[in-house]
Amino acid sequence: MAYLVDIFLISISAALINNFVLYYFVGICPFIGVSRQVDMALGMGSAVTFVMTIAVFICWTITTLVLQPGAPVSVWIASFFVSPEAAAVIDLTILTYIVYIFAIASAVQFVEMYVRKFYPPLYKSFGVFLPLITTNCAILFACLTVMSHIIGVENPGEVWDLGRALALGIFGGVGFTIAIVIMAGIREELDLCDIPAPFQGAAITLIVGGILAMAFMGFTGVDSGLRAVLTGGP
Amino acid sequence: MAHALKQKIPSPGRWLRDTNLGQAWLVLALAILFGAALAAVQVNLSRRIEANRQNETLSKIPELVWGPARAREIKSGSAAVQIIPGTLQAGSGANPITLNLFKVIHAGQLAGWVIKAGGQGYAEKIDLLIGIDPQVSALTGLFVLDQKETPGLGNKITAPGWRGQFKGRSTGRPLTVAAGLSGSEAAIDAITGATISSRSVTRIVNRVMAAVKDSLEVDTFRPIERRS
Amino acid sequence: MQVLPTPTERFIQGILPENPVYRQLLGLCPTLAVTGGLKPALTMAAAVGFVLLCANIITSLIRNLLKPHLRIVVFTLTIATFVTIVDRFLAAYLYQMSKALGPYIPLIIVNCIIICRCEVCASRQSVPAAAADALGQSLGFGLALAGIAAVRELLGTGMLAGYPVLPESWPDWVIMVLPPGAFLTFGLLLALVNWISADKQQGEGGGS
């Protein structure tokens, strides 16, 4: 029960309260670039959600098994070369960023090939966005958030398992989709407005984004209230 | 003639450009070079980073146990202060919690405990250090390690005046939060415009106090073995 | 053959004509995320500047060995390495700042400015031009960040880089240091820059 509450709160938090775009400012480039039409925004959003889920899965696995201090696979490999005591303290944390970015890039490549070959309709709807998301900060940000809940956590009970990591990956993507689709809806209407010349394009998008961020600030504090209600605590 | 000959023999650069091995060689060489650079950084800096991380907590502990003035006195005194990090299993059967805590020993005697605890705040997680006296009867101090509450409102929980209210509170009964009721024995004064932040901190403190009230004994305290 | 700009031109271009933030709209994540105060903004700009300089110099040195299909891999490897180095240095010598910037330091890896400069300039030009380009672009980036951060910190807290500037009676516009303030400030400043440059162009057009 406590576990389910945790998953639920991580999901709500990632999708609405601490929205990736409007609270953490990651994925701003597509938020401004690909938010002209609702259907394009939806395609981008689903591509990001899809890749984010896969990336978080890969990064959680690599971090837990290989990268974190004393990770089982690294220790096992190192024990062939050095004494078991020396192998037990192996720490590959410094490689995290390099490994993550290459894991994400190759995952995107494989997903693109796979989807193009086996699911042409799906590829048509969001495949064109796939190469764009390799350098999307939202994906790397999700992986880094998962990392911060695995490496350097003092309390063993607070280390994230795969379920929590996936909840963040899926609902982080959902939050991105929500933000970009709302934005696209507003911009479709804005096209009919008479916007002063200096504000046209990115400037007005940012200001609308600011108003959206204000609206999303209304969700702040919902998670602490929900946790109190769901766990029955004071 | 010499010019023509020069063009016949491929230069090493050209050879590298034209073969697969040459391309792989470049990426591989860069990887080895960068790997060495990272290893050097890791060897030189990791100890310092780890020390930074621990000092952040350790430097606050004397103040939490003795208060700022006395802590300064003790620091300049001759008797050694020993801080032993450890963990504690607490809480009731269904949901046991592991607490990170520090046992503070001064001149050979137990001077107090400092517990590190976190919980959901208004915006994100709040991390606290809570000082408790040796008999586990009263709080000796509170420090906010980490918070992302609203600037200007919620982040007033870090102000010494507000934190000071927790000092001397009995661990016997849960603390409550009330607005504009300073002077009342059990209630913590809610910060205007940040009732939720005030309540979150109090809730974390209450949870820790409930957990440790019965079980903070020497035999349940397990020191962490630090690798050198 | 296209004539490539000289080092001096590269340096000047980065500051305003090709300003990475206002003109190319690149690297927007840090632009919005770390501009709550002047200090984190300047630290961020310095970190990006260091990574950009190192990546540009290395790319320029090996530009004749690069194969087109491998260049992105090489760029990413270089950038990720230098970002890791910067991250560790901050954690060792500026621990509080490193904590405050948090994930935005590793996010420099996917900052489009750097890979864009490697691609556009460093992989085609000599080391001095690449270095000048890196310095110009980082200066432009730093100025843009500092501008946004100064407005936000001043209006949001009445301080600049931690020192009180506005009188005590200033009612802090807390919204400016919260996420919406970042969007609003950057949107308004972007419009201002657009307006000024459009005005200038018009003035030049009228004169000739």
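Which chain is which? They are A, B and C, in the order written, and residues in each are numbered from 1.
As a working rule, a residue touches a chain if its C-beta (ideal position, glycine included) is under 8 Å from a C-beta of that chain, and two chains touch if they have at least 3 such contacts.
Only a predicted model underlies this, so the values are computations on that prediction, with no experimental measurement involved.
Peer 1: If you tally contacting C-beta pairs, which pair wins, A-B or A-C?
Peer 2: Looking at A-B and A-C side by side, A-C shows more C-beta contacts.
Peer 1: Central chain, going by Cα centroids?
Peer 2: Of all chains shown, the one whose C-alpha centre lies nearest the global C-alpha mean is A.
Peer 1: Between chain B and chain C, what is the separation of their C-alpha centroids in Å?
Peer 2: 31
Peer 1: Can you work out the whole-Å distance between the CA centroids of chain A and chain C?
Peer 2: Those two chain centres are 23 Å apart.
Peer 1: Give me the residue numbers in chain A that touch at least two other chains, ranges are fine.
Peer 2: Correct list: 94-95.
Peer 1: Hey, what residues on chain B touch two or more of the other chains?
Peer 2: Chain B, residues with two or more chain partners: 38, 41-42, 46, 53, 150.
Peer 1: Check each residue of chain C and list the ones that touch at least two other chains.
Peer 2: In chain C, residues 77, 81, 84, 88, 178 touch at least two other chains, as defined above.
Peer 1: Tell me, which parts of chain B touch chain C in their complex?
Peer 2: Of all residues in chain B, those touching chain C are 13, 16-17, 22-23, 26-27, 30-31, 34, 37-38, 41-42, 45-46, 48-49, 52-53, 56, 150-153.
Peer 1: Across the complex, what residues on chain A touch chain B?
Peer 2: 2, 18, 89, 91, 94-95, 152, 154-157, 220-221, 223-225, 227-228, 233-234
Peer 1: For chain B, which residues are in contact with chain A within the complex?
Peer 2: 38, 41-42, 46, 53, 87, 95, 97-100, 116, 120-124, 150, 174, 196, 200, 203, 206-207, 227
Peer 1: Tell me, which parts of chain C touch chain B in their complex?
Peer 2: Per the touch definition, chain C meets chain B at residues 62, 64-67, 70, 73-74, 77-78, 81, 84-85, 88-89, 91-93, 95, 156-157, 172, 174, 177-178.
Peer 1: Spell out the residues on chain C that touch chain A in their complex, using ranges where they run on.
Peer 2: Result: residues 25-26, 28-29, 32-33, 76-77, 80-81, 83-84, 87-88, 103, 106-107, 109-112, 115, 175, 178-184, 186-188, 190-192, 194-195, 198 of chain C touch chain A.
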